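Below you'll find the structure, written out as structure tokens, and then a few comments.
Chain nomenclature is as follows: A, B, C and D, assigned in order of appearance, with residue numbering initiated at 1 for each chain independently.
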Amino acid sequence: MGAICVFRGFMPFVYLRTIRFADTDAAGVVFFPNYLAICHEAYEESLAAAGIELKTFFRKHDVVVPVSKSQAEYLRPLTCGDKTSVTLTPALVGTDSYAIDYAVHRLGRPDKLAARLHTEHVCISSVSRERRALPAAILAWLKRHSA
Amino acid sequence: MGAICVFRGFMPFVYLRTIRFADTDAAGVVFFPNYLAICHEAYEESLAAAGIELKTFFRKHDVVVPVSKSQAEYLRPLTCGDKTSVTLTPALVGTDSYAIDYAVHRLGRPDKLAARLHTEHVCISSVSRERRALPAAILAWLKRHSA
Amino acid sequence: MGAICVFRGFMPFVYLRTIRFADTDAAGVVFFPNYLAICHEAYEESLAAAGIELKTFFRKHDVVVPVSKSQAEYLRPLTCGDKTSVTLTPALVGTDSYAIDYAVHRLGRPDKLAARLHTEHVCISSVSRERRALPAAILAWLKRHSA
Amino acid sequence: MGAICVFRGFMPFVYLRTIRFADTDAAGVVFFPNYLAICHEAYEESLAAAGIELKTFFRKHDVVVPVSKSQAEYLRPLTCGDKTSVTLTPALVGTDSYAIDYAVHRLGRPDKLAARLHTEHVCISSVSRERRALPAAILAWLKRHSA
């Protein structure tokens, strides 16, 4: 497919996010569970950018892809008004599962890594809750953003 | 029904709630939208106490009773660890609607009124979104706690 | 001041906001207290656009401007992925207070008014909690966006 | 100190928590970041039970003990109205750090394990952000609840 395609074969998704007052807690910084919610926003945005309808994807599909595991490493506090970027890199794990790595940077001169997160997702039937193969739209999204 | 029944005919619902770190913001106090969420907890608890199944009431009923309006007056800041009481007094408005008054007190010697809230609820079909008469279980809950 | 100044004399602030999964509840739509948080984001963004440092404004100033009252009217449900605009119009109330009107529209063809909100803010000393005159930066922000 | 003391030497802290509408998302179940917030409530309650003043502990101490890492395994969905227990077991890691294991059970006949979480905490100076020895009150809390 040529050099440019090899070069563009891997394209992590980048989401820009300003830290909001609602994200913070009485310690004056982002409440640690909210990092997961902020990364989920990046995930939503990347799905929408791949043409996936969020309204149905997170709600009424035959199959759902709940988060089965999460990990987070909190490296630097973030405060209201901070500009951040969330870099999302998904990876296929099996025919019914994928994982996502997130890096949250506080933008500045220079940018600083503020947190690293990781989530794992398993595709299941919304009725029986048995494992199901990933839908084609998700496979396309994975192909677009995976290493 | 006798004096004691007249006396007990009106019984506001009281919900005890400790302020959590998750409720607070970088100003060190409860983030103002969270007062509405805390009052909604009191509402849920009062419905559950009246035998209403929350799982279906807030989700899959033919009819739903969304909040159509809210008002709040924030009188005193609340901080993590504060013990509060939420006193809930509902009132029938029409055959398809009711309102709820909430008083949030910070418990102490003496208790202090921290906030007053008010919500209005309209019963609608979950499909057509047209107005519907309130279900019997809600009428019973209203009778139990109204002035 | 001339025609162009009259034309530009009044400029409400408009904030674009995609509805996130974190905003929703088990009824499938935005949880009603979150409308207040979404409007507060518009407020933060308008303050930042006026050169006000959010980190200190919401935290360490000698004076703070907490929300004393709020009102909301919920007209249409919003769901994950919806594109909305929040139009913010502040108004000076007294030397120590202002109010803000918010209109939340779901963007589409045509746009639909989804909610109307109103907040009132009182400037107080962060130590004594007595009323204080509004800081100059807030007066400039009010002038910029008031009718 | 005798058999009964050996038996009671280890006492995990148990926190009872009803799932609230505010905890849920449009998939109808608890939004996964909120498990961390729910476990943090158990942590707050256990600190308060050990006589630690939450208002200052999470805010104005010379030393603060932010969460440096978290892990979660989501095993069963929880819905509005579910009664749960959160069992908290802390462990000393070093002179300046500790970890907490959480097990969230959905109460019923029988109880079901719904999630397992783990957080790591590092004690630092709130000014220099350098590591500091854990305060005596935290060591007492750890002794009380550690295995």
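As a working rule, contacts are C-beta pairs under 8 Å (C-beta built on N, C-alpha and C of every residue); 3 or more make two chains touch, one makes a residue touch a chain.
Note that the structure is a prediction, hence the values are computed from the model and not measured.
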*Which chains are in contact with both chain B and chain C?*
A, D
_To test your reading of the model: what rotation angle superimposes chain A on chain B by C-alpha positions, in degrees to the nearest 5?_
180
_Matching over half of the contact pairs by residue number, can you pick out the copy of the B-C interface from A-B, A-D or C-D?_
A-D
*Which chain has its C-alpha centroid at the greatest distance from the C-alpha centroid of chain D?*
C
*asked:* Based only on mean CA positions, could you tell me how far chain A sits from chain B in angstrom?
replied: 35
*Just how far, in Å, is the C-alpha centre of chain C from the one of chain A?*
28
*Roughly how far is chain A from chain D, going centre to centre by Cα mean, in whole Å?*
26
*asked:* By the touch rule stated above, which residues of chain A touch at least two different other chains?
replied: 21-22, 25-26, 28-29, 31, 33, 37, 40, 58-59, 79-80
*Sort out for me which residues of chain B touch chain C in the complex.*
25-27, 29, 31-37, 40, 58-59, 64, 66-74, 77
_Residues of chain B that touch chain A when the two form their complex_ = 21-22, 24-26, 28-29, 31, 33, 79-80
*Which part of chain A faces chain C closely enough to touch in the complex?*
18, 20-22, 28, 37, 40-41, 44-45, 48, 53-55, 58-59, 79-81
